[in-house]
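Take a look at the structure below.
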Amino acid sequence: MNTAQRVLAAGLSLALLPSATLADESTRVALVPGGPHPYFAAWEQAGADAAKDFGLGSADYRVPQKWELGLQNQMLESLVTQGYNAFLVFPGDPVGTVAIANELAETGAPVMALAGCLKDPSEAVFCMGTDTGNSAYLGTKELLKQLGDGAKIVHFTGFLVDPNTQLRIDAVAKAAAEGGAEVIQVIADIDAPEPAEEKINAYLAAHVDEVDGIVTTAWVPAVVASNALRKIGDKRIVMVGIDHDEVVIQAIKDGFVHGTMLQNPYGQGYIGSFVADRLRSGCTVKADAPFKSNALTDKFIDSGTVFAGANDVDNYVGSMQSITKVLFDEFESTYLDC
Amino acid sequence: MNQKFWQSEWFGPLLITVTAIVIVSSLNPSFLSPFNIQILLLAISVNAMIAFSQMIIIAIGQMNLSVGAIGGMAAISFGGMMEVWGIPWPIAAVLSLSIGLLAGIANGALCAYTGISAFVITLASLSIFKGINLGITEAQPFYDIPDTVKSLGNDTFLHPLPWLVLPAVAAAVLLWYLLFRLPLGRAILAVGGNEHAAALSGISVPRIVIVAHAISGLLAALAGIMLVGRLQIGQPTIGDDWLILSFAAPVIGGAILTGGHVSVAGTFLGVAIVAIITQVLVLFSIDPFLVQVVLGGLILWAVGINRYREVRAHRKIAAGAI
Amino acid sequence: MSDTSQDRAPEGDDSQTRPSAMGGPLRFLLSNEFGLIVLVLLFGILFSTLSPAFLSKFSLYALGRTSAVNIMIGFSMMVVIITGGLNLSVGAIGVGAAMFGGWLMQAFGMPWVPGVIGGLAMGAALGALNGVIIVRSGLHSFIITLATMSIFFGVMIYLTRAESYREISPAFTSYGRMKILGVISPLLLVTFAVAIMLSVLFRFTALGREMLVAGANARAAEISGIRVNRMITYCHMLSGILAGVAGLMLVSRTGAAIPSMAGQLGQDWLLPAFLGPVLGGTLLTGGRLSVLGTLLGSFLVTMLTTGLLLMQVGAFWIQTYLGLLLLAAVLIDLARRSYLERRKLL
Amino acid sequence: MTEIFNAQGILKTFPGVKALEDVSVSLTRGSIHALLGENGAGKSTLIKVMTGVYRPDGGAMMLDGAEYEPQNTHDAIVKGIGVVHQERNLIPRFSIAENIFLEHLADQPLRRIDYPKLFQDAQRWLDLLEIDADPATPVDRLSVAKMQLVEIAKALSLNSKILMLDEPTASLTPHETDTLFGILRRLRDDGASLVFVSHKLEEVQEICDSVTVLRDGQNACESRRLDELGRQDIVRLMIGRSEMIPDWVARDRAEGQPVLELSNVSTKLGHKAVDLKVHKGEIVGLYGLVGAGRSELAKAVLGKFEITDGEVLVNGISAKINSVADAVGRYRIGYVSEDRKSEGLVLIHSVLENVGIPIWRRLSQFGGFLTNGTVRKHTVPFIQKLEVRTPSLEQQVGNLSGGNQQKISVAKWLAAEAQVLIIDEPSVGIDIKTKAYLHELIRELSDTGTAILLITSDMPEMIALADRIVVMNEYAVMGGFNNTRDYTEMSEGIMGLIQGDETAAA
């Protein structure tokens, strides 16, 4: 997948080099996820590419060792000390990270919430990421397309301490209600593989016949559920997963999973680094920028989320590229005054 | 040995387990469906391994906070060797096991020869091992797991008995044999029971401590490897949340944290109880926000019952002694 | 653990005393506190030479602020360790207290003082509950707090539906960002104040001393007329209060009361909670504590983390280095003490 | 009789002290040898040298004709010197049999244990030592006496050439002691060589053949035959002067206000309708075999155990005692435990802190604050009065000798100004000097008006101290009489009451 990214990067860079301008004092971007997680892996490449393409001082991927708010804060603080002057942060907690984000902003550095949003009000220039609620909503819609009326679906999702989880739960319920389906169970707190394995399998073992569809809105549950369905060998149950874990992709190819909601981490990292640099070189965010708004913020930019089914899953990288491309091409004109 | 079976520490857990099974299955017959049993056994097999790797340390009156870290390290090295170097899985398994073994020996040696409490040592080694894990994987799972391993991790050899049950049962039997029939095992319990006396009788306490930690490391590694098979991925997060279970199960099973007394059967049942609880919460679709509460409550209840039985037994003894 | 009676004067003989009993400066040189001071200086110098930014105002300020909370967490575990027990539910209690305080401020628009008091009261209540259950059941605090950890946290999540409370009075949250003389965080001052109070409690009050005795030898304590069970309950209550203080410090620092501030089940706090007291030479078997030691221990750990983050050692390897440094710290301390003991014995 | 062991000119120094200087001992087959000496005389050091805990800095030891240089404790055991220490060295949860043969765990770690055989072999030893118990019983279910016998069996099973017994009778009832002595004699007659360490001279004279006395780390006498020596000679050898037998006159303090009064008290533990009076300034000796329920009664009075019937009166007023704290705080009843190490003292805390515990609350002012200064003011006088030998008040009590520890646990109650003091087995493991000193102290205390309830199984002690003797048996008071200080009369009276023949009661 890294190779794929490099291709994409090359393509983009060709198209965009002219528009890249060098800041007088070089921009040092830090891309900081909430903790170690495969989802963010694409950021490293994206940062490196952006740094190359737009001649940034650097755009480094810095990972806190654990999913700990405290540790992420400590890391951000040390990054300030290290002289980074632009921050792309996945908020460890939509509310809890606001304070540190504001402090970073006070140092004059542009701060963007990436992949997940900060809850308004905050000093973050904007939030670019997957609209978690929306993605769950669309995913459920895609699922219901496959199912008859009055379908029974289950929802596997992540940690309850993460407010996004609540958003997802609501979104799925909403979509189901509209589609005349019923969410017969939500299983949460399964971001760790062991409990996920245990609970999902236990549930399927007991209710395999009562369930028509599965929607998963977190990485690990998607992986585990795909495996579970493969294990049962039952293709009756329709499942829509999330993200691009190889297990999920493979399951889609083999027809155990209907499709997955792709997100666009690479695009987030690449575009984010670019914008950071533009902002430092004097650009400002348009007052009338057409931000979307979601449950958390009114300054939301959807980094795009597409449904990839069996047919388009093979070049899901391609589909992610195209989103990125579209978003990137008119980003400056749409959101920035330069 | 001469005590009646209903006085033995594993009777309480057994009672709880049986009642739980009866009640649950009456309320929800699918609970005893072959597939569900298979799922249950899969969970129990791996968790039993985790609990045992802590139990053996509790036996010498210490704590091993690094079980999860060792397990995770073994798991990812297992996955890594197969994916990156294409080593055939049996060899990879053996190598990962020996990594766990070495990690355990390192823990043991440090505890034995520095005299620093195992708590502190394993606290430090916990983050060392976990760090190595992250350093190698950069949080990326290893996906390239041979189908043999996957099927061993999930399929049954005799419906509904999954393959993973075999190592678990083997470990249980061997541990029991070690702790209650072999001088080495007795020496382990002796050190836990009265270190000074053990030393006076020519038992080399440092050696025993090292052995115990080595076994602990080995079992943790085995658990990690089994999980790779079961999850079908070399997940770097394997082992992150073993700690609570690893203590809860032996203690529910009647182990004494100050050492010198553990029960293999009890621990196994302790694992079973936790597994059943987890399932029940799902089966009866308890409000996800309440799951933790129920879990905690049930742990309290379980140890409470055990305690009550103990106290009554002691009163009897006291009455007899005076 | 394994202290061989080798080469120590025989117990039976009068006036034979272990070096640890030697008064004056030497005893201090042998003390854990001294060892930690040495280590702190040592690593301080190391870091500041390797990356001068370590001594920059902001870096020092951040370090102080972070360690303020970690030290407090360490204290909250320390006061239970003196009973020879553990409190795995520090995190759960801390978050519970913080959320309750936050709720009071948001739901009733309380000013921060009563809000904070309410939060601490909640912490005290939860801690006391732990204590009562432990004393009544006679079960090991480890397993009890293991269970209450899930219960407290579960109830909190259930009641709050994982929603944060943001409408905290700005007066309170401003402390989290305030810089005194450009480097000192008010939180750090709070921590120091608490540290002083604790030392006073355990050195200059009957209550504190009785807590220690109850922890050191329950039977002897009872025979001497100390209400052991009550003391143990107090220790857990105090632990709850201190956890609450730590939680509320985080509220003022993050400007909101958030369920995730101590991670799933509050487990994120366990490591700092133990490292401080253990490095600080608080006896895990109970009966002895060192406030200064815990303070230094927690600070050392926080400093190591910051230093490693600063030096940009291979991002994913930090934890390994941290572990190694911890090990080194413990071993160096051990070596230093045995060296000094030998020196003075020969 | 042939010599089996001798040590010549043993020297052992610790930084700053010569613990042993030119000490010699010689043991012969088929004899019981007494090793005597005050605490600090070097007894324990010599034992540690013989059992390989310490290496001597000079001198040589011969065992069974061969050079004997134990490398460590275990080596000593292997070479044939077995010890039964004061503190139990058994594995609580292990069976009797396993404890006896614990040694075998070390060799062949992976050879299956044959339990049936193990139990058989153990049974032989149990029979030999007349222990009636199933070899499969976990030792933590045994009485102290049996545990001790198990330890002896353990030592013998290694067919040790020499068996050292350190204060073996300290925790035994007279009856158990007799059985033990019977066994020891038989072992001697079978040619074993035993070393008997004790503070109870009566016992030494009863059972030992020869004696070695240490004083200040040197031989006061080496392997002398005991029949040449009288009690006074031994005492002179031990303390360098003859024992001062207090020529106290019998007192009658039974008139006047009873300070502590139990009227038909029954307890959860099974005490039946106990009546007991202790008057101001009176020493009441509570005699009974271990297990007669004396300490338990004391603890019931203290509020540790529930009193189901009857009442406790302090100064004539019925007392509400729900916890030890009440007894100590409100009624100033103090209890000096027989079990110093685990119940009397906080070993890891300093002298000052131990002595201060009961009065902290009383001393603290403005809401619970107190300073070491205040505590010192109220404790140091007593610490000095009792001549506690400690390098400093900050010294850990655990590092002091038994005698000094006992002094501290008494000083604690002096400082607390207890009006009733219950003293349980005051002279267990204490040397003659301290013992005599404590006796005087207790007597003085009573003269200052403190009501003292003295619990002891040491008949001479009882008769030396008590004004009135009350005998307990099986959780009930059998009767009592004034102490005429006539040893034979008293001891017969006591034994009579224990056998439950009421006529003996005066």
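Order of writing sets the labels: A, B, C and D. Residues in every chain begin at 1.
By our rule, a residue touches a chain if its C-beta (ideal position, glycine included) is under 8 Å from a C-beta of that chain, and two chains touch if they have at least 3 such contacts.
Quick caveat: nothing in here was measured; it's all calculated off a predicted structure.
Simply put, of B-C and B-D, more C-beta pairs touch at B-C. Greatest centre-to-centre distance from subunit A is found for D, with centres as Cα means. Centre-to-centre, using mean CA coordinates, subunit A is 74 Å away from subunit D. Chain geometry summary: the mean Cα position of subunit B and that of subunit C are 29 Å apart.
If you average the Cα atoms of subunit B and of subunit D, the two centres end up 45 Å apart. Taking the mean of the C-alpha atoms as each chain's centre, subunit C and subunit D sit 42 Å apart.
Those residues of subunit A in touch with two or more other chains are numbered 36, 63, 65, 160, 189. Touching of two or more other chains is recorded for no residue of subunit D. Within subunit B, residues 131, 134, 138-139, 241, 289, 291-292 each touch two or more of the remaining chains. The set of touching chain pairs reads A-B, A-C, B-C, B-D, C-D, using the touch definition from the header. Residues of subunit C that touch subunit B in their complex: 1-3, 133, 137-140, 142-144, 146-151, 153-155, 157-158, 161-162, 264-265, 271, 274-275, 278-279, 284, 314, 316-324, 326-327, 330-331, 334.
Residues 51, 53-54, 56, 58-59, 62, 66, 69, 157, 161-164, 166, 173, 176-177, 250, 253-256, 258-261, 263-264, 268, 302, 305-306, 309-310, 312, 315-316, 318-319 of subunit C are the ones that touch subunit A when the two sit in their complex. Within the complex formed with subunit A, the subunit B residues making contact are 28, 30-31, 33, 35-36, 38-40, 42-43, 46, 131, 134, 138-141, 143, 154, 227, 230-233, 235-238, 240-242, 275, 278-279, 282-283, 285, 288-289, 291-292.
Interface residues of subunit C, counted against subunit D in their complex, comprise 5-7, 9-18, 20-21, 23, 204-207, 209-210, 212-213, 216-217, 219-227, 283, 287-288, 345-346. For subunit B in complex with subunit C, the residues that touch the partner chain are 110-112, 114-121, 123-132, 134-135, 138-139, 195, 205-206, 241, 244, 247-248, 251, 257, 287, 289-297, 299-300, 303-304, 307, 311.
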